[in-house]
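What follows is a structure written as structure tokens; I'll ask about it next.
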Amino acid sequence: MRAVTFQEPGRVEVSEVAAPRLSGPDEAIVKVEACAVCGSDLHIYHGRVKIEPGFTIGHEFVGAVTEVGAGVTRVAVGDRVLGCFQTACGTCRQCLRGDYHRCERSRTFGHGAAMGDLQGSQAEQVLVPNADITLRRVPEGMDAATAIFAGDVMGTGYHAIASSGMRPGDTVAVLGLGPVGLCAVQAARAAGAAQVLAVDSVPERLTMAQSFGATALDLDGVDVKKAVRAATGGRGVDVAVDAVGDPRALELAISLARAAGEVVALGVYAERCELHMGLLWIKGLTMHTGLANVIAHVDPVLDMLSAGALDPSRLITHRMTLDDAPEAYALYDRREALKILLEP
Amino acid sequence: MRAVTFQEPGRVEVSEVAAPRLSGPDEAIVKVEACAVCGSDLHIYHGRVKIEPGFTIGHEFVGAVTEVGAGVTRVAVGDRVLGCFQTACGTCRQCLRGDYHRCERSRTFGHGAAMGDLQGSQAEQVLVPNADITLRRVPEGMDAATAIFAGDVMGTGYHAIASSGMRPGDTVAVLGLGPVGLCAVQAARAAGAAQVLAVDSVPERLTMAQSFGATALDLDGVDVKKAVRAATGGRGVDVAVDAVGDPRALELAISLARAAGEVVALGVYAERCELHMGLLWIKGLTMHTGLANVIAHVDPVLDMLSAGALDPSRLITHRMTLDDAPEAYALYDRREALKILLEP
Amino acid sequence: MRAVTFQEPGRVEVSEVAAPRLSGPDEAIVKVEACAVCGSDLHIYHGRVKIEPGFTIGHEFVGAVTEVGAGVTRVAVGDRVLGCFQTACGTCRQCLRGDYHRCERSRTFGHGAAMGDLQGSQAEQVLVPNADITLRRVPEGMDAATAIFAGDVMGTGYHAIASSGMRPGDTVAVLGLGPVGLCAVQAARAAGAAQVLAVDSVPERLTMAQSFGATALDLDGVDVKKAVRAATGGRGVDVAVDAVGDPRALELAISLARAAGEVVALGVYAERCELHMGLLWIKGLTMHTGLANVIAHVDPVLDMLSAGALDPSRLITHRMTLDDAPEAYALYDRREALKILLEP
Amino acid sequence: MRAVTFQEPGRVEVSEVAAPRLSGPDEAIVKVEACAVCGSDLHIYHGRVKIEPGFTIGHEFVGAVTEVGAGVTRVAVGDRVLGCFQTACGTCRQCLRGDYHRCERSRTFGHGAAMGDLQGSQAEQVLVPNADITLRRVPEGMDAATAIFAGDVMGTGYHAIASSGMRPGDTVAVLGLGPVGLCAVQAARAAGAAQVLAVDSVPERLTMAQSFGATALDLDGVDVKKAVRAATGGRGVDVAVDAVGDPRALELAISLARAAGEVVALGVYAERCELHMGLLWIKGLTMHTGLANVIAHVDPVLDMLSAGALDPSRLITHRMTLDDAPEAYALYDRREALKILLEP
């Protein structure tokens, strides 16, 4: 079958690879209807996240179940399903505490041997371990361009809200309006944030955030700290979300949060960095970090998508075929796309 | 000054009473711009809640501060404010745990000697103890018909959500679509409920709930249990709100909730009653009861009203003057009004 | 193999039954080292919980794994394990929210066809579905008389604390000092309750509660309400636990709780009953009900048992053999035993 | 009256200063029975926290109320009381959310003009604003050496537990065994931690931690990471507490925490520092920072002290008179004392 494989930094290709086969009772095989290119795929593309040449990439997908192992009970052959970006066993101590995102045996699609050696979803077919936990049936009538968000990007937006304990009526700042930031904006509004202050410097992204109910703050034209103070009676925001993964964004988040407020480091951090620990401490902030617990959130997120309480499909700026993947990556790398859907 | 006083069951009148005077450093006097008639006023009107003849009733108000005691710091003379329906001291052990609604020294406006001997707000002026906690400034540009909800009815709607721990994406049933039930519908939708199933038998109320984003279930025409099962994949709702205060409503709420779900008894209970404790227990439900913690909710509720995330002003079906109070009570008693605003 | 089977109300016998066989990849077979007789076994014995004649009863056990299915990964042949009283699938929506005790596919050991058709553990061997979730390895050096509590009775005591959100420094009342009540006393003390007020009328049980750090209140000699008021500065307890399952105990629990406090109905309810809903509501209590979420608690409970923070083994008043089961039931029925261990 | 005043870095003296006078209705004056020297007093002594020469220092005290303002209702003249280290208004938005430690109008005793201009408690008398919130009656029969901990050091130990959401059965590491760390050890054990791993390099402190029920890990003789892995089945601790306030301690805390665990930065941070943000993020940790919310904790802490569930009085290694203050500071500075009580 055809699959998008990593070759070397800056180069992916569509290769002919072996079709997946079931090897355990908990597995399923899904024929891919749509997959997508994500910001974290770019880390692989750039060589910052190192994976083996020839490894199939991608971790978002919607498709039809074509085979299931003997122990699979929640999905059946023929079901139209979406996948979460990682698997969880459901039985380890981490899972039993609800920390599915940090399952002791978690495997991430399309991230190489180091993250579970699980081939990715930018392919005609995908092998899905722990299928009962990793897959969900797509609600009747939902298009792939909506459902695909539940397993990764919107699950991450929802995580900003769920992990921080945001209450209806709170004020939230979201720094960085890529797909994750824009999903966090939608999730915050849907969860009852009185105000969402959306910060970026790209006009189209600011406009989109505004159309989702946020107040847009253009880093290039506005004194963001001053604007946030004015919007919050001088107090600062209850929840500040760094959706970038850059120390400058985190520092701004810290400075925007109210005393005893919450900071969510939603963007990826992989290195040491200098942090204004003193400011964090004096303000008495709580900082939430790490990958989103998408498996814990996928059911409520799907219900909100079904109800129209969330609607991220407008984030998809391009629809291409699997064979266009090299072009899709290049385009995404040039920041000309927000979210690209690939159909095999 | 003029004030609406209870006389005997079924009879209130507009009396001339002594104007209030400050007696402690924590107090303020408010010149009333608007007050309202509430379902709990009807309990007094009917004689079920017993208060002294001649006592001024009413516990909802918006107005201007005309005097403050030496210890008042959050509001000042001239401020336009709204009041919560009860006071809290802010320093007892209950308050310090955040249980303001069960403050050891709480006093409720217009409920007679037994509930703190505090004259009501259906008057030209009202004396406000613990003014820093009981009053809030009305946000710039907000009309009285909106602000007045923050201190009682919408605070109670919000409480259904806050006390039950409803999560964005949950499904909520609201039984009884009086003002409190309709506010619970709005609060649930604003807080991200994927579905709100609104149950009543009065067509106008069902229509209004629908306009707030709920699915209306007419008790007279629909098998409610069956409809809820169908809407929830057979599971039942995550949160079931009894906004009536009647054992039949509570029993329906118990039967609609999912296993390990939440039931909120938002309506008033004062007597013993038979309950299907076996069903409650087998399902493993948690039941939340009692007056709403409005003082804890008033700030976020005001922020949501300012942002337009909540908009209960449409519940006001009648605007009358203070002198019309006897007629207003009669009309409300005949269930011809949803919410009546009185302007002195 | 030999197994204790229900025959008719008031009569159990030791029968020869077919040894269990694996039928699915998630299952294990355990050779029983010790099992126990529980209060809920008595409900079956009395015929109140109806099960099929000939069905093997019992739901507590410690033993050695002798066989596992292909999908079992957390326990292996030869492991010494304990079982939880019920199974959970780990993949349904209830499980994924952490509500394992209300798993959509849960099966309870030894409770007949209606509760999952799963033969009991008062036998030489027991078949264990969902073995990765239902079983835990017994910590090195722990005796069966301690470990067996983790899967049922102490898990239930811990649940009183976990479900009510008890905080260190809170005051807790426990009504009814059978094994579950005594475990709740231990759990409350271990979790930092400043005071535990233990209520019963059986002198030995009161003495044991006292030895666990509680203040004993003898229903026959003390005005319990007055004593609780005196012990709490007039406020009432933060958490009141009904460990009986009788409306009179529940009513007492309601009257002992502080305003805005928590009531835990830990004892079993199966029927309608009259409740002082008015008092519950006026006090603004939250009531938690249902079976304990033992699967969620078994890991921390085992760790506390290992550390000696909990030590329920003293509750075992009798050790007998499996063949003595008819006598053990008769003895337990006459309330002459607190907890009986049976060894095959 | 006599008072300990800051003069210049390295020098405090006992000065004659004006006795305090009531200036507002919420204030009280307390005649000091005992005060104490705290680690944060050393920051002033060293000149790192800058305050005005001549300012009275100290923020821990037990004493007798000698005067109260007209609005004070919870304490009366003659009451024996203890004070919290800071005040809170009880009415600002921060207080109404329960964030008393970040009250908008909070003042800290003995920390100079920048932190509220409130003279300290190392004096014969102390003026106490917001007396109803700042003071608590000392329980009958409790000595000053126990009670004084409730208002600062043990309140901070309790905060480590409360802020992190530690559950009974969790494993906790405490790094740094000064008074705050040792109180965190006691609080963790009292709240049901199955294991507390106490890390330091001072033998006496390790021994004391051990006597409080911890496993002592000597930084100089043990590979702490390895020991923690061994003690936790390779998982790491649920909660890691940095009770030092040094980036190396924080980094160790991060490395000891389990995936999706909690880190509490209990020690003071005032500057920027380098942090292994990548490790924090990959592990998906939540980090809690800032001053302890002692006002929220003082009631349960007092109840635990009364019950003997906490007993920090052994931390007091020296009892001296107020006049000995210069010697006390010198001794404390040489790390020859753990906690010094001063009696006027």
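A, B, C and D are the chain letters, set down in written order, and residue numbers restart from 1 in every chain.
The rule we apply is simple: contacts are C-beta pairs under 8 Å (C-beta built on N, C-alpha and C of every residue); 3 or more make two chains touch, one makes a residue touch a chain.
What you are looking at is a predicted structure, and each value in this text was computed from that prediction instead of being measured.
Participant: Count how many hops through touching chains it takes, at the least, to reach chain C starting from chain B.
Facilitator: The fewest steps needed to get from chain B to chain C is 1.
Participant: Would you mind telling me which chain pair, A-C or A-B, is linked by more contacting C-beta pairs?
Facilitator: A-B
Participant: Roughly how far is chain A from chain B, centre to centre by C-alpha average, rounded to an integer in Å?
Facilitator: 40
Participant: Name the residues of chain B that each touch 2 or more other chains.
Facilitator: Residue numbers touching two or more other chains: 93, 299.
Participant: Can you name the residues of chain B that touch chain A in the complex?
Facilitator: Within the complex, chain B contacts chain A at residues 158, 161-162, 167-171, 187, 190-192, 194-195, 297, 299-301, 303-304, 306-307, 309.
Participant: Sort out for me which residues of chain A touch chain D in the complex.
Facilitator: Per the touch definition, chain A meets chain D at residues 93-94, 97, 99, 101-102, 163, 235, 247, 250, 258-260, 265, 268-278, 280-291.
Participant: Would you tell me which residues of chain A are touching chain C in their complex?
Facilitator: These residues of chain A touch chain C: 24-26, 70-71, 73-74, 89-93, 95-96, 98, 100, 132-133, 295-296, 299.
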